[in-house]
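Each of the next two complexes has chain A plus one other chain: chain B in the first, chain C in the second.
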Partner chain A sequence: MIDTLIIDGLSFALPLFIMAIGGIYSERSGITNLALEGLQGFGAFFGALWAVTISYYFDIPIQKLYYLALLLSMVGGMLFSMIHALLCIKFKANQVISGVVINILSMALTTFLTTQINIVAFGELSDKFQIGTSVRFTIPGLSKLPVLGAAFKNLYPFEIVILFIALIAAYVLNKTGFGLRLRACGDNPHSVDAAGVDVYKVQFKAVLISGALSGLAGICYTYSILTHFSPSIYMGYGYLSIAALIFGNWKILPTLGACLIFGFARSGGYVLGQILKMPSTFSDLIMTLPYVLTLLLLIFFSKSNRPPRALGEIYDKGKR
Partner chain B sequence: MREKSVGKRKENVLAKFFLKSIGNERWQHITIPIFLIFLSFFAASIIILALGKNPLGAFYNLLQGVGILPKPSYAAYKSMLTDFLSLLNYMTPMVFASLAVSIALKGGLFNIGVSGQMLLAGFIASITVGYSSLSRIVAKPLVLAIGIIAGGILGGLIGFLKYKFNINEVVSSIMFNYIIQYVLSFFIHSYYIDPVSRQSKYIADTARLTLVNVEMFGLKMDISIGFVIAIILAIALKVFFHKSRLGFEIKAVGANPKGAKYAGINVGRTMILTMVLSGVFSGLAGVTYYLGYFASIQPKVLPSVGFDAIAVALLGNTNPYGIIGASFIISIIDRGSTYMSSMAGVRKEIASVITGMILLFTACTAYIQHKIRDNKDKLSYMARKEAEE
Partner chain C sequence: MYEYIVEMKNITKRFPGIVANDNITIQIKKGEIYAILGENGAGKSTLMSILFGMYEPDEGEIWIRGERVKILSPNHAAKLNIGMVHQHFKLVHNYTVTENIILGVEPIKKLGGLIPYVDIDDANKRVAELSKRYGLQVDPRQKIENMTVSLQQRVEILKMLYREAEILIFDEPTALLTPQETDYLLDIIEELRRGGKTIILISHKLEEIKRVADRCAILRKGKLIEVLDVKETSTKTMANLMVGREVSLDIDKKPAQFGHVVLEVEDLRVKNQDKVEVVKGVSFKVHSGEIFAIAGVAGNGQVEIADAIAGLTDISGGTIKLNGVDISKYSIRERTIEGISYIPEDRQSYGLILDFTLAENLALKDYYKEPFCQKGFLNKEVIDEYGKKLIEKYDIRSSLGVDTQVRQMSGGNQQKAIVAREIELDSPLMIFVQPTRGLDIGAIENIRKMIIEERDKGKAILLVSLELDEIMSIADTIAIIYNGEIQKVSPAEELTTKEVGEYMMGVTA
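Right, the complex of A and B next:
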């Protein structure tokens, strides 16, 4: 029981975490990013589409395309996040509105394209891309540890990829010059401009990074929870990750904590349902656990939060 | 050299024509949205063309489907008029929902929880009045009242959380959306499910806000009571924002919360009241949707109207009259797409793609206005220079 709780909790929390890191990048640079939900969906769509197409036309077993799909979904998320970057930075649109617009557009576009491509390219009437489940592996020695050993059992390969990328992301954000400039853009863009750095460029990069990381998160959910790509990927995980990063005060390590809480709340709910032998209708109530928890945590922690000072403000060079 | 200047002049003529047609600032709030809609349809035509279908034919079918253009044949008791009336019936919740979004936007808040508020109001009204045997005259106003109260309370709660605990209203309303969706799905599955349709049981006709199958002129039509109320309330809202004190305060807080505070406006109270008012309209959208257009609730599904309403509110420039016009257009796209897909063979999902694109372009309105002003200045400068030469 405790094993499933940890295994499922981790495989849910880590994609959420990488998406939240993307959000942190964007928001620390001063661009509000509610588009994470749409970006993860589009990234997953893009990765799944290419995986299915390549395996269909080149006759390669789809399991072998796992890492390619991960990479392509990052590309897809990045491509779609360009719209957000353009709208917010070049066209000076309201960032909240732009984010929501992208979510709606992404949902409409991927639903339409999935059915359409299925008909045209594969000749079937379906709104899904079957990409199969991911292989899982167990780290030999460590998994024998009592209780905590479960964290090393039945791992998805993407969990390692995510941890690796998260480490790099944390290093870049906190220890490099680029990270420093990025954080400064979110707090005081004019000073960054005075130091001779192009604020727009830094923000543009930050939004693209958030797109890539969200796309990765999206394909991870397709591989783990859904086992196919379909519009049911829009479950609100993007918004959940935004809640996580707000709860984590726009810092990477506390955000990891928040994501783990969400993950364990979710898997804990399922385990609880099994222990108490509840009828399946109760699963709906269990599904609300992460959301209720988010609200409660936000009530307690939002007050002391300190968002980036220039978050959501449209940066105008001429303004002083 | 000469050729080049001719080419340039031609370009100028085009630019002049473009600026003439949408450049007048007095009319920009109408001309720009219309331009954007054309742009979206143009983009959609490209997609439809790429699929090897005829876009003009598809758009013609779109209008046929909603009773604006005549269909080649009609079923018994049906005509263009019945199609058009059902369009109005479909449009009613959208008008309410978009007004809800626009109220929040005016107050500087973003109510993305309209769907959840709709679902809650619709559910409570269904189980209290919808399944009762109250008479027509009592039931219908009671449904409206319940919608208003349920929506208002939930909206107010979101505003309160924002004011008291500094919780971003976007995040909290999305959390409420999911909580409501799942909790109500649990209740519907446990107590109110219709085993055949897999939806909640149908409500009594006496409680419905749409008069269904009214026989008149040899036709059977659906007449929406809610539509009349929506129009009246849209006008009332226009007056409210122009003439009343609270309306002014909401706008002031939306424009500049700090300035409003120094002017002696109670910002927290105004914020909560904005959300209450927005919730009230969401609630009305919910009851006209679940107890008007439909007569039952599909479990675990949030009404997409609540999200489309964001598009409509932006397209209508958060102006009540603009919203009525924008709802009309978006409803045509949504509602006509079924007929279009059956006639032209274009997938129904293209409708939401068109809506999405309209929305995307609308987000750039400020930039377009800016560009127009820029180009206008440039043109007038050039004209002056030419005159000097």
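Right, the complex of A and C next:
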């Protein structure tokens, strides 16, 4: 029972975490990013599309395209995030509206494209790309540990990929010159400009990174919870990751904590349902658990929150 | 070799509706402190923004170290070893001093020869060295958000020094500093000059120019009036040249004619945010036709008294009576209606809405009344008409008249707008907090005259000022506050500046 809780909790929490890191990059550079939901959806669509296409035409088993799909979903997320970057940075649009519109656009566009491509390319009437679940593996030795051993059992390979990327992301944000400039943009872009650094470029890169990381998160859900790409990827996980990064105060480590809480709340809910022998129709109710938890956490954490000072501000060089 | 390190020849810069710089030529020698003096809006900042690459001049040439250059960006200016401390600091608040300084020029090392990282320890050492060499007393590891304005400014200076700037531009560096901090900054500037730097000081404060500068260019309405040798020129001459007419801060005023009691404050107590009592049982009366000044060193409770009377702060005890009515429980608007005009210390936060137009700001306390508002709708024409009237009457200068965004106006004209609005309320009590802070000499003269005019009309004036000169020159009655308590209330003519100064320091005989 505990094993299930930990295994499912982690596999849900880690994609959430990498998406939240993307959000942190964007928001600490000063660009509000509500588009994570749409970005993860589009990224997943892009990765899944190429996986099924290559598999279909070259007759390669889809499981062999796993890492390619991860990579391509990052490219997809990045491409789609360029809309947000262009609107917010180049055209100085309202960042909240841009984010929300991208979410709606992403959902409508991928639903339409999935159905059409299925008809045209594969001759099927379906709104899904079937890609199955990824294979799992267990780390020998460590998995034998009592209780915590479950964290090393039945792992999806993407969990390792995510942890690796998260480590790099944390290093870049906190230790490199790029990270220093990025975080400065979110506090006082004028200071960055005065230091001779192009604020727009930094922000553009930050938004693209958030797109890539969201795309990765999306394909991870496709390979685990969903087993296919379909509009049901738009379950609000993007919003949940925003909640996580806010509870984590726009810092990477505390955000991991928030993601784990959400992950375990969700898997704990399922375990609870099984123990209580609830009918499966109640599982929808259990799915609301992370969101109810969000509302509760909001009450306690909002006071100590310190968002980046220039978050959401449209940076205009001329204005003093 | 070159004779001048900086030469700006025949610079002209036009903005829509205004010629900000009209054929200006200045030549600056290496190692001198060169002041640029002028009223607000005279074109000083524009000229220096051109030198710093923020604007491109419409006409004219710039020569640096004997070579003709086109300065296209602040970045480019930095490459020519030009640095600038802006009026509004450009600092990242949640960064340390060092992080701010290295931003954009981060020293990079490689972890294991491979993975790059910012070498903050090395930078910390360099910053500490620079700070020590010029006596700046800055801790490289301190965060900006925990620092005073004066310290933040020194971080800006360090930023320039770290980038090896040779030509340092200071844009009104003392505007936000206390007198002690100003002294300290001027010492630093002299120290920098001894270190071989060339300094350009933009200012409208004559005393500081007199103290440190070698030469001084006087700008008026975009034109270069004269370049003077500071040692051989009196501040009086400089003031007259700057304003373009005889100015005098020795204002003639008629003897006061006190009338009835307008404001009666009894046992007033105010607590600050940390629940510490900062006004400890203060009582006084202000009569109509009286300028009642509260003198004191900053932070002794004087601003809280003014805020409490205006309704910005809750009181924790005592009563405030206006014409016999207890207003201590009234809301701010009720107090305004009852008869209080208020010119706040922080004019940009409490006096104006910077992104609104001038006309809107001028109607800010009346907008809900007829005829500005008819059946719930604002009448723009009436508001603009009223704005035009006030602009005319109070000589408020701006580029686009009533439609000017207040943010774009100079400090002096912003203050004039507030004073105009508040005088027009025709309130029996007017509270002025630091009314001439940051203004140039012409504007100061103007505002002080207005205050006296209002007194002569029979208004009761409560003046809170940190400038002892101001209090001595216009007050009828002086109250000196120290540590939240009034030490002494006396007719102005019975006190000398020295005595007031002593009471301010709490040295009571």
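In this text, the second predicted complex is superposed on the first by the 320 of 320 C-alpha atoms of A that agree within 3 Å, B and C clash if a C-alpha of one lies under 4 Å from a C-alpha of the other, contacts with A are read in each partner's own complex, and residues count from 1 in each chain.
In this text, a residue touches a chain if its C-beta (ideal position, glycine included) is under 8 Å from a C-beta of that chain, and two chains touch if they have at least 3 such contacts.
Just so it is clear, the model here is predicted, and its values are computed rather than measured.
Colleague: Considering only the touch criterion stated at the top, classify A:243 as touching first (chain B), second (chain C), both, or neither.
Modeller: Only chain B is touched by A:243; chain C is not.
Colleague: Have a look at where A:298 lands relative to chain B and chain C in the superposition and call it first, second, both or neither.
Modeller: The first partner, chain B, only.
Colleague: Considering only the touch criterion stated at the top, classify A:287 as touching first (chain B), second (chain C), both, or neither.
Modeller: first
Colleague: Thinking of the overlay built on chain A, is A:96 touched by chain B (first), by chain C (second), by both, or by neither?
Modeller: In the superposition, A:96 touches chain B alone.
Colleague: Regarding the shared-chain residue A:148, is it in contact with chain B (first), chain C (second), both, or neither?
Modeller: The answer is neither, since A:148 touches no partner chain.
Colleague: In the overlaid three-chain picture, which partner chain does A:2 touch, first (chain B) or second (chain C), both, or neither?
Modeller: In the superposition, A:2 touches no partner, neither chain B nor chain C.
Colleague: Scan A:139 for contacts with chain B and chain C and give back first, second, both or neither.
Modeller: neither
Colleague: Looking at chain A, does chain B or chain C touch a larger number of its residues?
Modeller: Of chain B and chain C, more residues of chain A lie in contact with B.
Colleague: Using the touch definition from the top, say if A:105 reaches chain B (first), chain C (second), both or neither.
Modeller: A:105 contacts chain B only, not chain C.
Colleague: So which positions on chain A get touched by both chain B and chain C?
Modeller: Common interface on chain A, chain B vs chain C: nothing in common.
Colleague: Applying the document's contact rule, which stretches of chain C touch chain A when the two form their complex?
Modeller: Where chain C meets chain A, its residues are 73-75, 78, 86, 88, 90-95, 99-100, 102-106, 108, 115-118, 407.
Colleague: Given the complex with chain C, which residues does chain A contribute to the contact?
Modeller: Interface residues on the chain A side: 171, 175-177, 180-181, 183-184, 187-188, 190-197, 309, 320.
Colleague: Would you pull the chain B residues touching chain A in the complex into a rising list?
Modeller: Interface residues on chain B, with respect to chain A: 51, 110, 112, 161, 165-168, 170-172, 174-179, 182-183, 185-186, 189-190, 300, 307-308, 310-311, 314, 347, 349-350, 352-353, 355-357, 359-360, 362-364, 366-367, 370.
Colleague: Spell out the part of chain A that touches chain B in their complex, as residue ranges.
Modeller: Touch residues, chain A against chain B: 34, 83, 87, 90-94, 96-98, 100-102, 104-105, 107-109, 111-112, 115-116, 120, 236, 239, 242-243, 246, 281-282, 284-285, 287-288, 291-292, 294-295, 298-299, 302-303, 305.
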